[in-house]
Amino acid sequence: YTVENELVVSAAASLTNAFKELGKKFESEKGVKVVFNFAASNNLLQQIEKGAPADVFASADEATVKKGVDSKALLGESVKIFVSNSLVMVVPTDSQLGLTSTQQLTGDTVKKIGIGSDNVPAGRYATESLTTDKLIDILKPKFIYADSVRQVLDYVQKAEVDAGFVYASDALVAKDKVKVVATLGNHTPILYPIAIVTDSQQKDLAEAFINLVRSEEGLKILTTFGFSKPDTK
Amino acid sequence: MFSAWSEIDWLPLWLTLKVASIATLIAFMIGIALGYLLARTQFWGKEVLDAFLTLPMVLPPTVLGFYLLTIFGKKGWLGGFLLEHFNYTLIFNWHGAVIASAVVSYPLVFKSARAAFEGVDANFENVAKTLGQNRIAVFLRVTFPLAWRGILAGTMLAFARAMGEFGATLMVAGNIPERTQTLSLAVYDAVQAGNDSLANVLVLITSIVCITVLVIASRLLKSNHW
Amino acid sequence: MAINVNIRKHLIEKHRRFELNVQFQASTNFLVLFGPSGAGKSLTLQSIAGLITPEQGTITINNTILFDSQTHINIPVHCRNIGYLPQNYALFPHLTVMDNIGFGLKKFWQWSLNKAEQQRVQDIMHLFEISNLANSFPRSLSGGQQQRVALARALVCKPNLLLLDEPFAALNPLLRTKMRNELLQIQKLFNTPVVIITHDQADVDAFGETVVIIDDGKAQQIYNHKNRIRETPDLSITNLMLSNHEALNEA
Amino acid sequence: MFSAWSEIDWLPLWLTLKVASIATLIAFMIGIALGYLLARTQFWGKEVLDAFLTLPMVLPPTVLGFYLLTIFGKKGWLGGFLLEHFNYTLIFNWHGAVIASAVVSYPLVFKSARAAFEGVDANFENVAKTLGQNRIAVFLRVTFPLAWRGILAGTMLAFARAMGEFGATLMVAGNIPERTQTLSLAVYDAVQAGNDSLANVLVLITSIVCITVLVIASRLLKSNHW
Amino acid sequence: MAINVNIRKHLIEKHRRFELNVQFQASTNFLVLFGPSGAGKSLTLQSIAGLITPEQGTITINNTILFDSQTHINIPVHCRNIGYLPQNYALFPHLTVMDNIGFGLKKFWQWSLNKAEQQRVQDIMHLFEISNLANSFPRSLSGGQQQRVALARALVCKPNLLLLDEPFAALNPLLRTKMRNELLQIQKLFNTPVVIITHDQADVDAFGETVVIIDDGKAQQIYNHKNRIRETPDLSITNLMLSNHEALNEA
């Protein structure tokens, strides 16, 4: 069950704005309609594993794609890293605490910190970074776990938390409400993989789309939305 | 906020109305059938079955969607069967949204209908029988109209719930603009994209549409004269 | 008409228990059930209508077996074609007077009644002086109006048998006399046998071709042919009721 | 699947029961008050108000949570007031989960109660008045018991909904293990983490608990004798 | 008792319209309302009880103004202390017979009745021969049993005024006579004035100290003092009713 001349792309919600642009470009170039399905990466994989008719899967983290490859839902040889992201610390624009680094979060003035839960890639990266910096044990009692990066942003915007960890691309979306005060290091590179779905009937088209995403032009669009070029090793 | 109006795509609205109406219709029929069954029969474990049938209320919609996917997906037993024999799937199309919404909202009709049916005085049904009406006629002409107030309340809740359904729909039908993106998914999308003003406008539209439909329904369908 | 009733039924509600054990037969057109409050008259009528299923016994009307516990015959209520006026009227609250009366004439797939049936409804409303109420809902009717609507609803279907539970109780004497005569007319016209529950001596006088006294769930039968009834003194039945249960049961 | 039992933390269960019970209680009171008000008064725009009050059903819970945060948050008008004057906040603690669940589920009680109250025959209330009972007494001794069947059905739906509430709770109370993580959040987490066996066990527990509560409630609270 | 009723009220249902315009007064202990079906008797009783608010007029009982449209007095129903037996009984379906009867004695914050009140309920049940029904629910009662429970419920509170809408209609003659005597006894004992609607000549004979005939929403008053009524021939009132409306209104 696949409609001819239609490409179904399941993409992580954080890619929504950028991929809509890319889709328009692909449609005008190939004359093929791109149908997007945006949701959290793991939900998308669950759909694909249960037989949802997607052609391309663009995930926000490598673990999800690896799971898909292991379960043979995704074509292992098609997996490509197409973009990278960075993890930043944001505070409300009107924050009076003068925070400029993760170290300062240990201070008494900081009561609550928004962070993604273990299900959220951003949360895992943040935990990893803070663990390496040996801050995690001190900060843990202050954590408010959220189930998406969006939620962390909301908490920061509404000043419910004093600081939060989100992707640079997300911070950009809300740039008038939150301010980026630090970029976190010491974590596995945040790489976005893209892959072809095993059951896809239009693997050629899928590949063409992936190529567009990875092209110079594609990358240019992605960078305007806060993503960066992956250092392909 | 007003600049957001221009961004609005009206397709999700029609889709939502279509999906919610059909889902409500299905929920209505299933809910009434089950409600009548449980109101008028006695069997062991009836209350357990009743509670079991309300479970779609208690599961987080995303989780419910996950299970629906397991059943209706290509690899699910029902989904596989449908695909093989009829080359039909409801994953990633609006039929899926209808199923998800109907499953989530039928308990509302069912519970209200059961209570309403149980509240119907048996005298009226008895007299109808002596007037030569068979079981179906008694149901359609007496039991159902007398239970209507409660059923209608449940159905209106079901419609609201179906319009707002989001978690299960997202899983089963996907969040595909112009195909399965209902208003609530569009709201989700707008929120995800950080477009708060669009989200506000969409919520406003959803609310207005829902209120309008409910008010019209209550005008048209309510029997105030008795 | 030949009616033969022989039924047993226990009704239990918490610690209270009522035993219905009624036997009677008649071959007259009118049969009056008479007896004190709570004796089992309404339950007997409901059994004949099929709304209560006896535990044991038989009910036959004109050689048609409606119920027989031994051969497991139990004709469904809606197939018995019996007109029934319940004691509490049970008018359909969601239907107008006209629709209440026409209820039994309409099949559920019909949109409306045909001309002839509509006329029949009009006629009976006229007869019962409730034409002006045609479009009213039951809740706005007076007690007597409700009773007449319920009576009309039971009569209009031309049933094979009429079961009337105190049909004139809510009417004033004048109207009662009129309705009594109407009922006699209707009975003569369609030759429908009538079983009637009443507390009114005048009803016994008018309809009491056969009188069955029911007390404490048991029936005691008296034949009272019409030509003879005029001779019986007023309140004869009531006086009979004065004798206690034992006396009745022994007799 | 059984290995998953050992992973289970029973805290979310108690938390869920606590939150759902209190939320249901609140929903019950608000729903009955509103239902009675709309059933017994006439005013312009009544049906619009009725539809408006069912809006929590129609908004995706996450979106609802977003608005609740706007109201009850530090910067929200109510939240700010509470924080300033009482040094109290319900954000990120289980009170928030209660509020979120109550808001999501009160329309279920409200709609059912309104229909049930409207179905109560005024004759009974009138007679009660002639027997010297004032408005409150008539309500408590006649109207309410006669409407009980419908109200109970709505309340049971509300309890199920409160137990399953997730989206709004997530936003308002946060998903804080041992503090605000209810069963549905735990289920959601397990599903998101792809831990299907844990998810299945948790769903099973949720279902059993919900069924048990509903069955017991219907045994205890249902009046079958009339 | 001195009762003074002077009320006007329009009831409109769709195209049907009923105009109630009733005036009467009496200073006797019993007042009988008599008249054809749909005349406005029940509506008059409901107005006195306060369940219907007239558009215009006054209602006074023993110099207490219950209602006055000009001075905007309208004593709430629950403060009137009036015992009311509605025509359809309206027994509370969720309460047992005992709880129905004790309903007016219990305050809503009370858990149960005190000893004396319980005794009172027992006594009246005994008097009305419904003691065995104490724990039954109304739906399992016969018509006559329901009527007696409703009557007991209205009487047990020792109201200042009793309004009875055809209180004996569902009873057999024997019981009717007994209940009639009980009512006379109770009236004498507590000196409670009684307004009673009836279609039964015997009730008129027994209670008709003052008879008010209501027809087509209008009242026509006849004083019929007790000592005189024995002399009036049977059905005198009914005969009166035979005269048409115009004659009545002119008279």
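Chains: A, B, C, D and E, in written order; residue numbering restarts at 1 for each.
By our rule, a residue touches a chain if its C-beta (ideal position, glycine included) is under 8 Å from a C-beta of that chain, and two chains touch if they have at least 3 such contacts.
Chain by chain, the UniProt names read as follows: B, D = Molybdenum transport system permease; C, E = ABC-type sulfate/molybdate transport system, ATPase component.
Please read all numbers here as calculations on a predicted model, not as lab measurements.
J.: Using the contact definition given at the top, which chains are in touch with both subunit A and subunit D?
T.: Both subunit A and subunit D are touched by B, going by the contact rule given at the top.
J.: Let me check something: if the centre of a chain is the mean of its CA atoms, which chain is farthest from subunit E?
T.: A
J.: If you tally C-beta pairs in contact for every chain pair, which pair wins? Let me know.
T.: Result: the chain pair B-D has the most contacts.
J.: Taking the mean of the CA coordinates per chain, how far is subunit A from subunit E in Å?
T.: 79
J.: Starting from the mean Cα coordinates of subunit A and subunit B, work out the distance between those two points in Å.
T.: Chain centroid spacing, subunit A to subunit B, equals 34 Å.
J.: Could you work out how far the Cα centre of subunit B sits from that of subunit E, in whole Å?
T.: 50
J.: Among the residues of subunit B, pick out those that touch two or more other chains and give their numbers.
T.: 62, 66, 191
J.: Give me the residues of subunit A that touch two or more other chains.
T.: 43, 46
J.: Check each residue of subunit E and list the ones that touch at least two other chains.
T.: As it turns out, subunit E has residues touching two or more other chains at 88, 137.
J.: Would you please name all pairs of chains that touch?
T.: All touching pairs, sorted by chain label, are A-B, A-D, B-C, B-D, C-E, D-E.
J.: Mind pulling up the subunit E residues that touch subunit C in the complex?
T.: 11, 13-16, 34-39, 41-42, 87-88, 132-133, 135-137, 140-145, 148, 165-166, 169-176, 199, 201, 235, 238, 241-242
J.: Please output the residues of subunit D touching subunit B within their complex, sorted ascending.
T.: 47-48, 50-52, 54-55, 57-63, 66, 107-108, 111-112, 114-116, 118-119, 149-150, 152-154, 156-157, 160-161, 163-164, 166-167, 184-185, 187-188, 191, 199, 203, 206-207, 210-211, 214-215, 218-219
J.: Once bound in the complex, which stretches of subunit B touch subunit A?
T.: That would be residues 62, 66, 69-70, 73-76, 79, 83, 87-89, 91-92, 170-171, 174-179, 189, 191-194 of subunit B.
J.: In the complex of these two chains, what residues of subunit D are touching subunit E?
T.: For this pair, the touching residues of subunit D are 121, 123-124, 126-138, 140-142, 145-146, 148, 223, 225-226.
J.: Show which residues of subunit A lie in contact with subunit D when the two form their complex.
T.: 40, 42-43, 46, 67, 112, 117-119, 143-147, 151, 154, 158-160
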